[in-house]
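These are the structures in question, set out in turn.
Across the two complexes that follow, chain A remains constant while its partner is chain B and subsequently chain C.
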Partner chain A sequence: MSFSLRFRAAIVSVVLSLAFIGVWHIATRSTGSVANMSPEYAKLMGLTATQGKSAMPGPMDVGAQLWEHVKRPFYDNGPNDKGLGIQLAYSIARVATGYFIAVLVAIPLGFLIGMSPLISRALDPFIQILKPISPLAWMPLALYTIKDSGLSAIFVIFICSVWPMLINTAFGVASVRKEWINVARTLEVGTVRRAFTVILPAAAPTILTGMRISIGIAWLVIVAAEMLVGGTGIGYFVWNEWNNLSITNVIIAIFLIGLVGMLLDQILARFTRMVTFPE
Partner chain B sequence: MTDKFISIEGIAKRYPAPGGGTTAVFENLWLSIMRGEFVCVIGHSGCGKTTVLNILAGLDEPSEGTVIVDGQAIEGTSLDRAVIFQSHALLPWRTVLGNVAYAVSSKWRAWDRAKVKAHAQSFIDLVGLSGAEHKRPSELSGGMKQRVGIARALSITPKIMLMDEPFSALDALTRGTLQDEVRRICLTTGQTVFMITHDVDEAIYLADKIFLMTNGPGALLAEIVENPMPKDRGRIDLHRHPLYYSARNHIVDFLVSRSKTFAAEAVDHDPRRVPLVRIGRTEPTVISAPRVVDAASTQAVAR
Partner chain C sequence: MSIFDDPLDPQRRLARGCICGRHRSAAEHERAERTLRYEPVQSEVQSDEKRYEGVVASAVMRAVFPRDAARRAFLKSVGASTALAALSQFFPLKTATELFAEGATPEKKDLKVGFIPITCATPIIMAAPLGFYAKHGLNVEVVKTAGWAVIRDKTINKEYDASHMLAPMPIAITLGLGAQPIPFAVPAIENINGQGITLAIKHKDRRNPADWKGMKFAIPFDYSMHNYLLRYYLAENGLDPDTDVQLRSIPPPEMVANLRADNIDGFLAPDNICQRAIYDGVGFMHMLSKEIWDGHPCCSFAASREFITGSPASFAALTRAIVDATAYAAKAENRKQIAEAIAPANYINAPVTVLEQVLTGTYADGLGGVKTDAKRVDFDPFPWQSFAVWMLTQMKRWGQIKGDVDYKAVAEQVYLATDTGKVMTEMGLSPPTTSYKSFSVMGKAFDPGKPDDYLAGFKIRKAS
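Showing the complex of A and B:
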């Protein structure tokens, strides 16, 4: 019997997830020890005290709740009760907007830095200082100047995703093989056509790698940013459910954040594969 | 001047030396090539052969002097001068056809796709790559890659082909076949070729004239050897030609010993009138020299 590696790995993954759910289920079973109390008092206490239910939701609770969310992803019962689909859509829209603006800024600027040693050296100190700043440190300044919490979140996404793209683009453009440039030069290819026909395809794998790093960082940051600005989004949902003490929803949100992050990464990985060329 | 198709006039290339001042790879280099001539340059690494080729291509600029091609001083690169790179330099994200078509569409910008494709295809067929046009360079062997490089250079119908050790990275068998094809193509098209090589046999097989360069820094064009082989030479019986070994020995002797000592010994060397050497049955004879040389003084060259 010889199954493909892929198949065997899938079996191990399924076994591991079943084991995890099993351990989780056992660990969150009802403890059984119920304090004796008057019914009046018991009404005030939660199920933990009256029925010995674990304070941590088990996989069944989470599964049932998740099913509720999946059935009605887009309901809207006012500012504090929206479907998870709506919350995720807000977050994705913010990430997409900030990220898209970052692409528009970082790739042309990266080209410029990569092609001009003067610009590269001139901008280097700024990039070195701005790059390590935590994106959330910009938040007060953004709120103060932009005066709009939604736009401030988008700005934070922009500022955190611009650096990896900028640096990778500049690096990719600067390290295009001299011989490819020389081919274009001997063919009298103009600067613009050279940029699009030689430098861009040669640097594309490096640029796309930068874009992939950026989308990951942007998705990390949006949760924290939305916890701060509030109102809508998956980050706000997590914080709101924490305030509601709904650990079940918090766990569901964590799971969905991971899922969406993985999908975003896979999309970029696919684009990277499309532009990668074997040498 | 119709006789000199390419004329390199007093070019020098200097680099800043580590301790201040400059190091000259070569100074005051003069060299001319006729139309339709196949010229090989032989010399050790570091003598500035590639620099000369890059200057001819327009990829590099001389610190001094000018290069005149077809009556005009060159300025930068030109589609009239095609380069075949040692490392083939194919664009790996393009197919064979894409690589050649890129050159074709660079030369004839107004051509439509079909015309570019047909033109590129004819040159792919010429180098014997029919059927491989949709492969990527990574799927090709070293020899096939270099064929694409040759097809790309030929496809723009250049006035001059510049080849920088085009076959040095290939195995002996592939090298032989490609030499045959380059020779066939150049003979039928009357291409002017400037080629750098390390391979003496390759030079004797391909070249009309062989330029010998001394070691750098301060490299000199020491002499120009006329290839004594007949124009209709074939690979099979080349080495049986009575003058083959005297030509070969003369060049190898130069590379082994004289390339090191030439600069110090030839005090009267005039870089504008480099001795032209014709290979005789016994010893090489100087037929033109900076000063009038006694006809018997073959030692003047062979020392």
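Showing the complex of A and C:
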């Protein structure tokens, strides 16, 4: 009997996750050893102190809490307490805004850099210096100059997701096969038409790869930015629950951040497949 | 406390009179003592309409009988209620009271107020769920903020109209320490006392601070009472806080995790953080900040001068709401209700038990004992200018300010004692008549009139 590779891989995945949850459960069991304390004192203390409960929540706690969130994803208890669905929506909206501004800037600029060796050399030092800067390093500067925390978060997303797209676009445009350009030239195709009908389709796979890297970075950045500026978003949720030392909720948030990041990546991967062409 | 005077009380004495001097009368002194001992006190909860009615009525009374002696004789002979009834016959007291409570229409009704999720912010936070802002005609959104630097920047950026700040912060911002100088003002102190020194459980046998050399402590911010109090306490015990121990600025929520991870040995932190460390079994209460200086201010309610001059009526309404909430929080019998109101995730986001222990003052000390101290945290809005002078002396002592300081000028610019006094009088509370008072910190007297002499009296200070 032989199963397909896919099926066997799925079985291994399930076994691995079960093993992980099992180890997690055993590692976080209550120790049961409790110091003697008077009942009135015990009433004032937390479960960690009174029942020897592990400070780290077990998989059961996380599961129960996750179910609570899934049941009510869109509640709104005021400005500082909203459901996970609303928080995720805020984060995604911020990421989308910053990311689309970055797309609008990076792709035309990337074309320009790719098509003109002069601009490429002139802008190179700026790109090289700005590219490796951490998002959190931008934050104080953004808050101080833009004077609006929502816009600052979007700015930080923009500034961090623009570079991979810019570099990939420039690279894709510059490495379009010379023959195709020459054919276009012999047919006397104008610059603008050449850019749209020859270079764009040829460079599209590289550009989309850049966009895929960027969306990953944007999603990484939003959590950090929201932890700093607060108010709304999944990053704020993590911070708020950290504030209450609710590790259970922090674990749930980590899981969701991973899930949404994966979905965003898959969407871009699908687009990439759509524009890929065999040579 | 003396703020809650009844203006219609014919017995009201002009001079303060009780054994300790802190209460209006011997009866009030007795009542306060009882509260301290947790004995039932005859309820004297007064609704606010009653209080405003009192203010208006007493103004009318005073106009009708300008002479104190005549007014008292009249009140004594017929009783306050009869006198009021007689007055309202020819004066529309009800309408006047309603008009008075509304005040001027605020220029801006929708306001944003930032806060840090600690019990120091109690009046600011509870004013939202318990409706104090709404009562004063405002629609206030209280916004939780990640840390002191962020709350400072957001208030400077005008994202918040006013904010919860550590008491020394508005002074530091006005002087341009750690930020560009922007004139800020403090209309109300949020809380007095309510902090504590918490140490890791492993230090439970090292209670003498003289043995703390080399330990690492966390404080919430450089410009905080926590920083000054911890430095003061260490220095009084012969340790130089700059060279003998390490002081780190850590946001309060991260303190408990750091204590658990053994990165720090203890902290002087705002409450619910201290109690949270105990609740989670990682620390114990070495001492309450009250034992260093009973009645010290901690956090303040602050706004920029620009907001105050731009929207004076909104600012006045905000001040009234905060003073009102503070007066409500000062009453021990309201504390349980407040703990429940501010515990949800929208506000402080902490277990109710922890907040209750902080606010009611019956708490687990982390070493197996239950302690009671009704004044563990207290609320008194009056922004004493002498507090500001003391903070300035400490800023200078630890090298945050270099050169000469005009203590009085700064204190009077930032701490709006006169204005708040006026608001309190209008609301029927009785503010102190002066804005400077002497107090003692760890047994050492502080005279706000001689800050330089006070400063010169410290042996341990940063060499400048």
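The definition used in the following text is that the second predicted complex is superposed on the first by the 279 of 279 C-alpha atoms of A that agree within 3 Å, B and C clash if a C-alpha of one lies under 4 Å from a C-alpha of the other, contacts with A are read in each partner's own complex, and residues count from 1 in each chain.
Here, contacts are C-beta pairs under 8 Å (C-beta built on N, C-alpha and C of every residue); 3 or more make two chains touch, one makes a residue touch a chain.
Every value quoted in this text rests on a predicted model; they were computed, and no experiment measured them.
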- prompt: Put the two structures on top of each other at chain A: do chain B and chain C fit, or clash?
  reply: fit
- prompt: Which holds for A:Thr186: it touches chain B only (first), chain C only (second), both, or neither?
  reply: first
Statement: Counting residues of chain A touched by each of chain B and chain C, the higher count belongs to C
- request: Quick one: classify A:Ile213 as touching chain B (first), chain C (second), both or neither.
  value: neither
- request: Examine A:Val173 and indicate which partner it touches, taking first as chain B and second as chain C; both and neither are also allowed.
  value: neither
Query: What is the contact status of A:Pro278 with respect to chain B (first) and chain C (second): first, second, both, or neither?
result: first
Message: Tell me the angle subtended at the Cα centre of chain A by the Cα centres of chain B and chain C, rounded to the nearest 10 °.
response: 150
Query: Now for A:Pro201: first (chain B), second (chain C), both, or neither, which partner does it touch?
result: first
- prompt: Which holds for A:Asn77: it touches chain B only (first), chain C only (second), both, or neither?
  reply: second
- request: Mind working out whether A:Met45 is in touch with chain B, chain C, both or neither, as first, second, both or neither?
  value: second
Shortest CA-CA distance between chain B and chain C [superposed frame, angstrom]: 51
On chain A, positions contacted by chain B and by chain C: none
Sites on chain A touched by chain C in the complex: 35, 37-38, 40-41, 43-46, 48-49, 55, 77-81, 143-144, 147-149, 227-231, 239-245
Chain A-touching residues of chain B, taken from the complex the two chains share: 57-59, 76-79, 81-83, 85, 87, 89, 91-93, 102-103, 106-107, 136-138, 156
- prompt: Okay, in this complex, where on chain A does chain B touch?
  reply: 177, 179-180, 182-183, 185-189, 197-198, 201-202, 275, 277-279
Complex contact set, residues of chain C against chain A: 117, 128, 141-146, 150, 153-154, 157-159, 253-254, 256-257, 260, 276, 278-281, 344-347, 349-351, 353, 357, 362-364, 368-370
